[in-house]
Amino acid sequence: MGKSRLDNVLGVLVLVGVIVALYMAFLEAPRERTMGDLQRIFYFHVPAGMVGLLALAVNFVASVMYLVKKNRWWDSLAFSAAEIGVMFMTIVLVTGPIWAKPVWLVWWTWSPRLTSSLLLWMLYVAYLLIRNYVPDPDRRAATSAVFGIVAFIDAPIVWFSIRWWRDLHPSPMIESGGLAPEMRPALWTCAAAFLLLFIYLLRRRLFVETARQDVEMLSRRIEMLR
Amino acid sequence: MIAKVWAIFRKDMLIELRTKDSLNAMLFFGIVVLVIFNFALEPVRESVRAAVPGVLWVAFAFAGTLGLNRMFAAEKENSCLQGLLMVPVDRGILYLGKMLAASVFMLLTEAVVFVLCLVFFNLTVWSEIPWLALIFLVGTLGFTSVGTLLSAVAANTRMREVLLPLILFPVVLPVIVNAVEATGIVLNTVDYGALRLPVTFMSVFTIVFTTVAYLLFDFVLED
Amino acid sequence: MIEAQGLAKYFGRFTALRSLTVTIGRGEFISLFGRNGAGKTTFLRVVAGLSRPSSGSLRILDPEPLAPLAARGLMGYLSHNTALYLDLTALENLRFYAELHGLPHQDSDLERRIDVVGLSGRGHEPVRNYSRGMQQRLAIARAFLHDPQILLLDEPFTGLDQAGTEFLKGYLAGARRDGKTCIMATHDVPLGYELADRMLVIEKGVVALDLSKSRVSLAEFQSRYAELAGES
Amino acid sequence: MIAKVWAIFRKDMLIELRTKDSLNAMLFFGIVVLVIFNFALEPVRESVRAAVPGVLWVAFAFAGTLGLNRMFAAEKENSCLQGLLMVPVDRGILYLGKMLAASVFMLLTEAVVFVLCLVFFNLTVWSEIPWLALIFLVGTLGFTSVGTLLSAVAANTRMREVLLPLILFPVVLPVIVNAVEATGIVLNTVDYGALRLPVTFMSVFTIVFTTVAYLLFDFVLED
Amino acid sequence: MIEAQGLAKYFGRFTALRSLTVTIGRGEFISLFGRNGAGKTTFLRVVAGLSRPSSGSLRILDPEPLAPLAARGLMGYLSHNTALYLDLTALENLRFYAELHGLPHQDSDLERRIDVVGLSGRGHEPVRNYSRGMQQRLAIARAFLHDPQILLLDEPFTGLDQAGTEFLKGYLAGARRDGKTCIMATHDVPLGYELADRMLVIEKGVVALDLSKSRVSLAEFQSRYAELAGES
């Protein structure tokens, strides 16, 4: 299995999507009244957060499926999703403070949304660490699947934190319809681009992971011939 | 089933009674954390009373992690875990027995550390004790319910001595935050009505994680 | 009794079991040979349910396939790890396991067990004070407390002195007479031959030789085993 | 002699480069401690700037303890220590090599944790950096000079995973207190003259304990 | 070469060595027997300087008594613990030890060492990938890297398969021919007899039998050893 047609199509789509998204975010979308151009971080911060959470949800489902089916493929999926999820969450955690410094005058504050986001990031870094430390692959898969299930508890907390507690971090105006209509197209284009990127990366990562397993299998064969 | 949970619990207690390894270490570590905090809080001494709940629960959490670590290290010492795994008993039972033992160790430690904390920070409590006992109980169960599961996870890795705090703290932080809040309510404001939310949270957390761990324990237990 | 079908176990790039197929009947005594890293321990652990195979299937039949929990109840596993709690006495160790097995656990029963392995009168000492050989004896009592139908033994003679070796040999001969199914991994060819009904040699994770004792003499087996080892 | 210290140091670095075990764990634990402290300090938020030096050094100390623990656990994994002990090299040399490696790991961790702490607690420093580097350096050497000795002591006991923090913290508390004070001076007041006392103290402590440990290491090392 | 005078070692209430006196000459090959817990390992560790005796004295003469540091330089110690860093390659392991010993450590020298123990071409793999037997071979190269005059061996054959056993036997026979002094603890009487010049049996921490090979046959030694074991 190499790079399939679908992957090529996806790759092109991602490229186009990112270019269009960049155009929309930087040129098409209106300049915000109080924050100015700074507000354009919005178009990266928000989609990254949403797609990051989605990736971790994929990890959760794949973890459950692994424990049910005991099939290595689910483990690879869980691993790939976690890695990409951590990447997106890192983007959130970098763009957030960059935005916060001028708006809130601080880099960071320990509000529920921010804290739970940080914890979420730590949990999945821990997930990747655990995988590093279990040498036996069958055991690694089971162990990390259990941790993946436990760690996911934090994701709903992140999502609902701004609704449950009072938070400096704003509630999404998108939901309440408060988002200026002119900003919507840019936001949704960016979200779509990030989503495509996620799917593309996930497929590629899965491919690399399966390839790695194939190499492993081949080197096992070679070892046997010695 | 209860007889078997009890057998495991009693075995751990018997060993502890004989060696006092875990309790000594947990207590000592709890005290060390108190002392360290005392120094760290030196510059904000005036408002220290407000910080007591946080200090307490950080000390509890560190001591508890140590106890959990120790518990599985002991089980691995002589490959004892291998013996346990060969017994025809549902592994959820092992989980419950271990969790029970861990909770008792932690509660004992908490009692002593709490009294010391009162002395260090010049506090007096009497009528609040039943409330505090309740909070300590649910907080501790919340902590050990995940802690026991994750200490088995950590024990599966090449880095078991050091991994547990790394993976446990992020998961139990919600419990700790709620426990700190509840303890603060009892010690500082006296608005007992406000206790309902954190206590409910901790109880739900405990129930959810005990169930999850009971079901998942089989997958992480290996010698 | 035990049916392994294409068992494989990989550790990363490493193959411990490649494709191991074997059927072991009730009451057979199998000696398991093979060079270092051949996969003997791995096989025993998979049979015991301590390790999940990467692929292939393993069934314990009695005579229907058993669920893992029930299968565990039929098996006893003894390796050079004693799996004893050093801070408990011999009696307390046995009592704990008896409780978990749901066996009766009067002290008198357990003390009889302790006598059988030659530790009379030492039952109330913490195991930490025992010498290695004494611990291994107690480990025998522990592993086989519930009179399992299947005995799994991984180099059980390791580090035992002559007296201990004699005792364990006697014990295993007794188990064989009683019709227990035994699988024992060992590097000691004469000893393994002496006890066994059937010799399996594992080589690179597959069964390389599978001989019934009635069909080969010790010398013949030794030479065929050596030949195999010389080959690669 | 220097060649041999260097050989030991390089070996530890090579292993770390390959596995990244210790650094990952230390870093992560440092961050965990930062987050936990933050919750404990929630009620005294206004004066949090004053507490930053304490928080920093507690995080450093916990991460450092973890690193030391890990270092000796690795040496024991395969009885490697036994091999080292058979080498005709003065055991003081082993101490120096190990201490050097531990210090480098700790300093690397400190750099990252410090930057994160600046972000979390909204601080900006520029001109203070050389001063802070000096304080971190002597503080760390003070910590590892005793820490390396005591981790060898702890490694000899039945409770090695849990014993190190218990015996180490009480001994290094003076270093930590002075380091906190010095860091506080740099971050809050800017009276650099007042730095002399704590920095001198830490330097003397380091020199004394390095010498003592160099001489005593032979007695505590057993495989 | 080695002179032990009334060596004793206590572990709390427990006596591992009671009062062990023995003199071992240069170039002798000693096999050390004794039941579990007799004190063989303890004796070897004291000789190696890994463990301090509770009382009594131990001297390494060459021909003058040597200081501990110098004595260590003369000795190589091999047990079933391999003392290898699993995350380093074979070459890196040897290079590290060569540096500490102050030996030359060109790759070519070290690779020759690796060839000698039968690991040609595997020098650049991390030791973690080695099987147990391969690790034990590398451990031999490591322990004897500095060509020590005195070889201390604690059950060195434990867990080795036949090929490994043959290799180590050959290696030890070579060392004996080269006039090295060897002390080897083992439970395998024929093997120990085969290699040795002199057999020592330790029993409850003292020397119970001390026989030169030229004076007893294997059968005779076996029966006297068994007798001793039967006594208590």
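Going by the order they are written in, the chains are A, B, C, D and E; count residues from 1 in each one.
Rule of thumb we're sticking to: contacts are C-beta pairs under 8 Å (C-beta built on N, C-alpha and C of every residue); 3 or more make two chains touch, one makes a residue touch a chain.
From a predicted model like this one, the values you see are computed outputs, not experimental measurements.
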Chains touching subunit A and subunit E alike, please list them. C, D
Please name the chain that ends up farthest from subunit B once chain centres are defined by their CA atoms averaged. E
As a quick test, compute the distance in whole Å between the mean CA positions of subunit A and subunit D. 35
Please report how many Å separate the Cα centroid of subunit C from that of subunit D, as a whole number. 47
Distance from the CA centroid of subunit B to that of subunit C, rounded to the nearest Å? 38
Two or more partner chains touched - positions in subunit B: 158-159, 163, 166, 170, 173, 222
So which stretches of subunit A touch two or more other chains? 119, 122, 126, 129, 133, 135, 139, 142
Going by the touch rule stated at the top, which chains touch which? A-B, A-C, A-D, B-C, B-D, C-E, D-E
For subunit A, which residues count as touching subunit D in their complex? 97, 106-108, 110, 115, 118-119, 122, 125-126, 129, 132-133
Would you pull the subunit D residues touching subunit B in the complex into a rising list? 21, 25, 28-29, 32, 35-37, 39-44, 47, 50-51, 53-55, 57-58, 61, 66, 69-70, 73, 158-159, 161-163, 165-166, 169-170, 173, 176-177, 180, 184
Applying the document's contact rule, which stretches of subunit D touch subunit E when the two form their complex? 3-4, 7-8, 11, 14-15, 18-19, 77-90, 222-223
In the complex, subunit B residues that touch subunit A: 146, 149-150, 153, 156-159, 163, 166-167, 170-171, 173-174, 209, 212, 216, 219-220, 222
Residue set of subunit E touching subunit D in the complex reads 48-51, 69-70, 72-73, 75-77, 79, 81-88, 92, 96-97, 99-102, 126, 142-143
